[in-house]
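Below: a set of structures, written as structure tokens.
Consider the two complexes below, in which subunit A is the common component and subunit B and subunit C are the respective partners.
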Partner chain A sequence: MTPRAETTVARTVAAPRGASWLETIAVHAVFALVVVFFLAPFVWLFTAAFDGRAQAYIRLPEQPTVDIFVRIFTEHDFARALGNSVLVAGATMLLDVVAVSLAGYSLSRLDLRFKSWITYAVLLLQTMPLSATMVPIYGLAQALGLRNSYLGLILIHAAIELPFLIWLMKGFFDGVPRYLEEAAWLDGRSKLRALIEIVLPVARNGIGVVAGLSFLAAWSEVLMMIILIDKQDLKTVPLAFYEVLRTRGGYTEVQYGLIAAMGVLYAVPVMAIFFATRRMMVRGLIATSRGL
Partner chain B sequence: MVVARNSAYLIGLTPAALLLSLFFVGPALWAAYSSLTNLALVGIDAANPRFIGLDNYARLFSDPDFWQVIRNSVTFVVGSAVIGQFGLGLGLALLIDHAERRRWWFATVAYAAVLLAWVNPTLIAGFLWVAMYDFFFGSLNHVFLSALGLPPVDWLGSFPMPAVIVANVWRGTAFTMIIFLGALKTIPPDIYEAARIDGAGTWRRFWDHTIPSLRPIVALTLLSITMSTFGTFIVIQALTNGGPGIATEVIALYAFDSAFKSFSIGYGSAIAAVMLALNLVFAVVYLRWSRARA
Partner chain C sequence: MARVEYENVSKRFPTQDRAAIDDFTLDVADGELLVLLGPSGCGKTTALRMLAGLEHPDSGDIRIDGKSVVGLEPKDRDVALVFQSYALYPHMSAKDNIRYPLRVKHMNEAERERRVGQVAEMLSLTALLERRPARLSGGEQQRVALARAIVRQPRVFLMDEPLSNLDAKLRTHTRTELKALQRQLGTTTVFVTHDQAEAMTLADRIAVMDRGRLLQLGTPDDLYLRPVNLFVAQFIGSPPMNILAAEVRDGALLAEGTWRLPLPRGIAAKSVSVGIRPEGIELDESSPDAQVGEVLVSEPLGSETIVDVKVGGALVKVRAAPQVRPDPGTRVHLRVDPSAIRLFDTASGSAIA
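For the complex of A and B:
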């Protein structure tokens, strides 16, 4: 094995020779285009939300105001939508953390001849598009009384991300050495207690990623909310967003400021969570690509 | 013996297995079954569906709209997943990795910009591009084209498919970029150093060392983004809702409209079954490909 000191030396030596001015300009020009393309829509979103006379195009607000945000809460019952979304996404997160910890660990430690088939099956489920099964899910939810219910949304949202998260978490558990839990068993702990007290703390980064991704996914999911919820009390943030969006194309003036402000309130929480935990999240995502 | 050894683990798999059977396996089987009936959302066929064999499939395959929808879906997937998200994502990963080796901080800004579009909820992504493309007052026409002195373009009317593809590339490129950046970081720098001492040029090193080290994850990444793009619904619904005419009607929208607007669940299920079958074929092809390469 190469000692650590030598790799550090190799990295400094391997730093590329100085860039030509042509390369410097070309690479920065490409990055500038990328930044303009990816940020332009956000520039609109964050300026229009504070603009009393917002338009569909990017412009600086003449008199920046937070009136629109106040109106969202006073006239559009947004607090309820926000509360519903936090409740559904939070409960989905808890359910996923429990189910994924158990399943990921079990799949990692399972000792069966057909284990790789189970792993493949999980991967296959992960690729199944929700839009293909939405019709049966609608019928099922209707039959089980899961339409217009928190429980229905929570169970379905937890299920949607399950294959991907199990796949991800199995990878984390594969990296936890078995002698840790075997020592705990010898101390007389049950398998469940060994998992909770010994293995999970070691794999806590994985748990963090599972919690974060399941919350973000449930927060952003729309299709199931459209087909499962039609009661005002239960409306979530995306459904509230749809309500103001419907002003578009009618005879009334499009309220771009209102739409943008609601968009800001919908997008900012997930952006904040993701960027606060981005190193961990990105490492977790990369871990899923490590193959079978 | 096998069961005794694994019993605790089998119990551990149960909660997940229950949720997956209820919301993945069950609905897929139910779609396959009800595609053979004339089940409807409302009316007399809702209460007493009849078994009608392969009639739904016969109707589907003889429907010229369906073949247009398939063509649209293929164009959308190839344009937005394979060329757009994969091509752009891989290109950006290589460029950002290169720039980071040179310690150019602007690479981090570009990286964050791409990531932001991906983290943002899909529905917002759809609406942001509705505003960008707006004919009279959208930023593209009113700000960018007018600054260049060019006449406005009816983006969603004249170029609907490229327009939805661009919006979806904007939304989804970060995933491929993240995965490949991660893979590039695992290439030990001494490999490059050794190659350079051997006198290999930049392109030679790229083809001989960079590309082969990325190959194992290509299939899995392509599988992942192809499938999620194939099921795209929200972005297109927000932008064009399948129009003008059926120019951007992809298979997910078609299934939704048949079931929830025309109320024919049986027919909608046949579309869903076709989607699932295509999906399975894709997945098997990709997995065989990745194993052949590994």
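For the complex of A and C:
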């Protein structure tokens, strides 16, 4: 599976065989342009974070310094924001993995009445724009006492991504042969244990993708955090950004360096995790495009 | 150790207009190896899966050791199924695959290890135990699947075409081993296949099925020598039984308009189908009253030659000695052994008693 997947990727990237040098240059020029466009913000992020007088454009720091990083932890309590973000995104991920495993398996395997209706209804939920449901979600959270609580943020984050992830996971389960779980049943396992011990390990690439996407979505979501959290000790990383922008830390201009330093610490761990699990993620995503 | 009974079992899948299993009754004796044989779509696999608990009958009863298992979950039936695809757990080593059903039973570790070792020994898997299924050949995977079934010592073995994914040579070899193993263990076995040769060599008794119905149940000899209808006659045996259209005239049979055959006993019907096994016809050079035919082709098979002979409008296959190799176009005389003649009702296909 892996070698074939890799050659497929290689083939789409490499210039077509027999292309002239002019075409090769043109293709690479376009690639270079795209790369520059997407890489520029990161260049800014990393230069500005170490620049005591960072601006809104890219410039090399005159006197590189790590002072800004010290400041975000001492003056802005960034450790708490990071911790809160990790907690909320991590718990969202766990909740999503459990819910998506059960729901995806049900839609893939069980003989339900109106199953195709249910399946499409799930997808329909995903098309609902989040901002349109902002007011009722706020009201619900208020009524249920879920404002300013980790639980509220976790439940809502988990629910937001659920429809799409259920569809995704259903595709992975569809790819697991039925005879594997039948074999486990005959070996004496209940349906739930067969799911946990046989089907989930076989579909682990799918679980990996679901976990990754769920964590990322909760990690970078902003809107719900803004409407649900206004307590200082519950603030997450996006709220820390917001705070820096809003208060301007008592200065007259935007503290670009602070934002850049927070941005580095916000982006790097996630990129590191993705890089560490890239094989599984890529394999899973390729399987998805084939399965759906 | 168990006796298996199907009683008037019927099953229809919602997406099909014909019943998958139609009023199926069958009794499998304790320790017997029974083969369910039939073409694809005949219901043999459905019958097996109902015994496993993977499908549920619409009506009728299925019993193991006299107790109904209808409504029981697969896990509570104490039967082991070997799948056509083997269904090995891909994320576990061969050893963990074999050990899995014992782990489920919470057997203590020493006993577990002893049993796995014993079964691995029996199936020559000892050197392969640490490998994942993906690193095993088809034959090795098949043995691991068998080991996983055997290690549990279940009441009944169910086998769903377990040999069909092996190459021809390995298939014949495994067939022999499987039969010896089943004799040794003495476990009641229901074996599904579409391959009549496999059925003939393995079975104590064969149940031939077609279109969801049980057509005939009997020993391989019963089925070969006394098929109850044209379907069984043509399904069993390779090459299959020759079938000729014939008329009863003046106390004799007239096949294909010209070929006079002895009539075994008086029958009322005027037009019948005559069945003759290829070994029931002899190529004869001398007798002047024998039927004349023209050789189309000779197929030497080493131990015998199958000669295709054209008689009137029909093609007749004759089993001859290996050194007999008539050239195409040769005129030969055919003599039929009267005891080899079987008669069938042309309209219903049933054997005429």
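The working rule: the second predicted complex is superposed on the first by the 253 of 292 C-alpha atoms of A that agree within 3 Å, B and C clash if a C-alpha of one lies under 4 Å from a C-alpha of the other, contacts with A are read in each partner's own complex, and residues count from 1 in each chain.
In this text, a residue touches a chain if its C-beta (ideal position, glycine included) is under 8 Å from a C-beta of that chain, and two chains touch if they have at least 3 such contacts.
Only a predicted model underlies this, so the values are computations on that prediction, with no experimental measurement involved.
J.: Putting subunit B and subunit C on the same copy of subunit A, do they fit or clash?
T.: fit
J.: A:Tyr179 contacts which: subunit B (first), subunit C (second), both, neither?
T.: second
J.: Using the superposition on chain A described above, determine whether A:Phe38 touches subunit B (first), subunit C (second), both, or neither.
T.: In the superposition, A:Phe38 contacts subunit B only.
J.: Between subunit B and subunit C, which one contacts more residues of subunit A in the superposed model?
T.: Counting residues of subunit A touched by each partner, the higher count goes to B.
J.: Scan A:Val270 for contacts with subunit B and subunit C and give back first, second, both or neither.
T.: In the superposition, A:Val270 contacts subunit B only.
J.: After lining up the shared chain so the two structures overlap, which partner does A:Ala56 touch, if you call subunit B first and subunit C second: first, second, both or neither?
T.: first
J.: Given the superposition on chain A, what is the angle at the CA centre of subunit A with arms to the CA centres of subunit B and subunit C, as a multiple of 10 degrees?
T.: So the C-alpha centres give an angle of 100 degrees.
J.: Just to confirm the geometry: in the superposition, how small does the C-alpha gap between subunit B and subunit C get, in angstrom?
T.: 9
J.: Going by the contact definition given at the top, which residues of subunit A touch subunit B in one complex and subunit C in the other?
T.: In subunit A, no position sits in both the subunit B and subunit C interfaces.
J.: Within the complex, which stretch of subunit A touches subunit C?
T.: Answer in residue numbers: 177, 179-180, 182-190, 198, 201-202, 204.
J.: Touching subunit A in the complex: which residues of subunit C?
T.: Touching subunit A from subunit C are residues 52-54, 73-75, 77, 79-81, 83, 85, 87, 89-91, 100-101, 104-105, 148, 152.
J.: Which residues of subunit A touch subunit B in their complex?
T.: Touching subunit B from subunit A are residues 2, 7, 10-11, 13-16, 19, 24, 27-28, 30-32, 34-35, 37-42, 44-45, 48, 55-58, 98-100, 102-103, 105-107, 109-112, 120, 123-140, 155-156, 158-160, 162-163, 166, 191-192, 216, 219-220, 222-223, 227, 238, 241-242, 245, 248, 256, 259, 263, 266-267, 270-271, 274-275, 278, 282-283, 285-286, 289-291.
J.: Taking the complex as given, what residues does subunit B use to touch subunit A?
T.: Touch list, subunit B to subunit A: 2, 5-6, 8-13, 15-17, 19-20, 22-28, 30-31, 34, 92, 95, 98-99, 101-102, 104, 106-107, 109-110, 112-117, 119-125, 127-132, 134, 136-139, 141-143, 170, 175, 178-179, 182-183, 188-190, 192-193, 196, 216-217, 220-221, 223-224, 227-228, 230-234, 238, 251-252, 255-256, 259-260, 265, 268-269, 272, 275-276, 279-280, 282-283, 287, 290, 294.
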